[in-house]
Amino acid sequence: MMDAAQNLLGPLWPVVWTMVKIVAIVLPLMGAVAYLTLAERKVIGFMQVRLGPNRVGYGGLLQPVADGLKLLMKEIIIPTAANRTLFLLGPVLAIAPAFAAWAVVPFDLTLVLADIDAGLLYILAMTSVGVYGVIIAGWASNSKYAFLGSLRSAAQIVSYEIAMGFALVGVLMSANSLNLGKIVLAQSGGFWQWYWLPLFPLFIVYFISAVAETNRAPFDVAEGESEIVAGFHVEYSGMAFAVFFLAEYANMILVAMLAALMFLGGWLSPVPFLPDSILWLLFKVAALLFFFLWFRATFPRYRYDQIMRLGWKVFIPVTLVWILFVGGMMQTRWAYLFH
Amino acid sequence: MLENYFPILLFIIVGLAVGVAPIVLGKLVSPNRPDGEKNSPYECGFEAFEDARMKFDVRYYLVAILFILFDLEIAFLFPWAVVLQEIGLFGFLAMLVFLGILVVGFVYEWMKGALEWE
Amino acid sequence: MIFQDYVFYALAAILLFAGLRVITARNPVHAALFLVLAFFTAAGIWLLLEAEFLAIALVLVYVGAVMVLFLFVVMMLDINLDKLREGFWNALPIALPIGLLMAAEMVMILGSKHFSPDMMSTPTPRPAGYSNTAELGRQLYTDYLLPFELASVVLLVAIVAAIALTLRERKDSKFIDPAEQVKVKRADRIRIVSMPSEKEIIPVTAEAVEEKKK
């Protein structure tokens, strides 16, 4: 059947086939995002001895669909003081990198859309572009809350990006490659070979930075509903708001996926007697995402000066020291411990 | 090598479409009833009393500048980390000098209180 | 290979358009965003030259960091546009010849036989496993060690300069150092004074208060 399609489409075939593969990534991702919102409400509900949403569908299972439809029917308000074009550009610029970064994520040994050599660098570049959505939204809204929220958020995101970048350098040193698939393969050999162990401080720094990068609680001062209402997206409504919402959750899944790939062995099985499988990867991502929700239910919001102090004065020195330590150890006969 | 980047080009376009499509759809489906009060900037019920785009603390600029410098440092660290095994001790010492000089800057920054957020 | 040419021309067209808009856009924020677009498409063109690391580093450093600072500056400083435009016609008699001269120089250099396309051999396309980043790393930290170390000195100067230019003590700061709070001793806060106990209680009446005021 595929040959027939190939003949029919001729030179367009690679385009169509790639599009099919992209859709095969994007659609499950959208579904995951939708159900992550439900999972968040359910998990936090149970942690607070509530039931969470349970009316729409069996046990609330159709809640995300209902939410989506509701947002679709809501008016997209564009404030008169706002800059129209940029106001609508903001959410697009927030979500495009959050999705585009998935192009290089390997799901399995062979299951990867774009197997480029500089995969990790590409993802880092894409996530650094994501900050534009926040800045533009805050400025274009021409509202004080939005402006303050976007300023805070931008400064926070860039601060934690440094710590994140340093943490990634440690992984590169161990794996000797920027290709995510090769990074996973370098960890083969079971649970104790994964990089969370030799790079433990970097793993912790990476994960906390990931929470801060995605503006999630307890680092959600950019939204800070009790002080600046909703931060940079206070003026957004309807689908324009929904796009921001999607971007935040897509980013969460992305950073959890990266953590699973770089520190927890990706699709590799923790024990030798079970086969490697994509299910392991999905399980690891789900477990990491659970932590995101758990953090939100547990920790009170950080103060802004505390956030900046943690990023600059704790994480950067810790990662620098650990990078040099690992680099130094690699020159000794204990180098095998860090590969 | 380039053929591997073709899906990325497509994916970036799809990513933009994922952002544009819901907004266009929402614009088409949802009602549009503009109203002077509704479309005014939100300010907890007050009339907005000045332009929202104000001058702000110079500290944010400082963070942005320092971020650029550290980002460059990371850009230098990436190729180094990939080939560390090949260039061995020599490469490690080269980076040690590089980072040592920058740590001087970091310590200066710290001591000056540029990382203090008050 | 024809497809790559299409991509190149599309990117080049976007790049030229974005570059033009950077200098013609009325709103400085729009201009800055067009500059972002210009960097992005330039990265695409570098990628076509198979400079993988540099292309993505361009996005990472220029789009992800430098332009964020630019946007901060143009968004948040109230730039008076009309004032900036005032000098346009006065400066034109000088600016125009200089601009033309520079353009002519560039044409002369790039058009000369040293830079013509025939001078460059067509690079051979790299195999899929080729790592541009690793190649760069092998060169940078061995053959080009001195420039690399000098780069750190440049960055150090930049750090010091940034702090010298922007760091100000704020007078209205209400910041409290938690360490100071913890270190507080009982003696810093309260003082016990021995006083004789009160003998007589004077009833406070409205008249007494009035009298006191007088």
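By written order: A, B and C. Residues from 1 in each chain.
Just so it is clear, a residue touches a chain if its C-beta (ideal position, glycine included) is under 8 Å from a C-beta of that chain, and two chains touch if they have at least 3 such contacts.
These numbers come from a predicted model, not from an experiment.
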So how do the chains connect up here, line, ring, star, complete, or something else (other)? complete
Give the identifier of the chain nearest to the protein's overall CA centre, each chain being represented by its own CA mean. B
With chain centres defined as C-alpha means, what is the inter-centre distance between subunit B and subunit C in Å? 10
Based only on mean CA positions, could you tell me how far subunit A sits from subunit B in angstrom? 14
Just curious, how far off is subunit C from subunit A if you go by their C-alpha centres, in Å? 24
Two or more other chains in contact with one residue: find those residues in subunit A. 115-117, 121-122, 128, 139, 151, 154, 158, 161, 177-178, 305
In subunit B, what residues contact two or more other chains? 1, 4-5, 53-54, 56, 60, 64, 67, 71, 78, 82-83, 95, 99, 106, 116, 118
Sites on subunit C at which at least two other chains make contact: 52-53, 57, 60, 64-65, 68, 72, 75-76, 128, 130-131, 133, 175
Which residues, counting only subunit B, touch subunit C once they are in their complex? 1-5, 9, 53-62, 64-69, 71-73, 75-76, 78-80, 82-83, 86-87, 90-91, 94-95, 97-99, 101-102, 104-106, 108-109, 112-114, 116, 118
Touching subunit C in the complex: which residues of subunit A? 83, 86, 115-118, 121-122, 124-125, 128-129, 131-132, 135-136, 139, 151, 154, 158, 161, 177-178, 305
Once bound in the complex, which stretches of subunit B touch subunit A? 1, 4-8, 10-12, 14-16, 18-20, 22-23, 25-27, 29-33, 36, 38-44, 48, 51-54, 56, 60, 63-64, 67, 70-71, 74, 77-78, 81-85, 88-89, 92, 95-96, 99, 103, 106, 110, 115-118
Parts of subunit C lying in touch with subunit B, wherever the complex brings them together: 4, 7, 44, 47-48, 50, 52-53, 57, 60-61, 64-66, 68-69, 72-73, 75-78, 125-128, 130-131, 133-134, 136-138, 140-142, 145, 148-149, 151-153, 155-156, 158-160, 162-163, 166-168, 170, 173-175
Can you list the subunit A residues touching subunit B in their complex? 14-15, 18-19, 21-22, 26, 71-82, 88, 91-100, 102-104, 113-117, 121-122, 128, 139, 141-147, 151, 154-155, 158-159, 161-162, 165-166, 169-170, 172-173, 176-178, 229, 234-235, 238-240, 242-243, 246-247, 304-305, 308-309, 312-313, 316-317, 320, 323-324, 327-328, 330-331
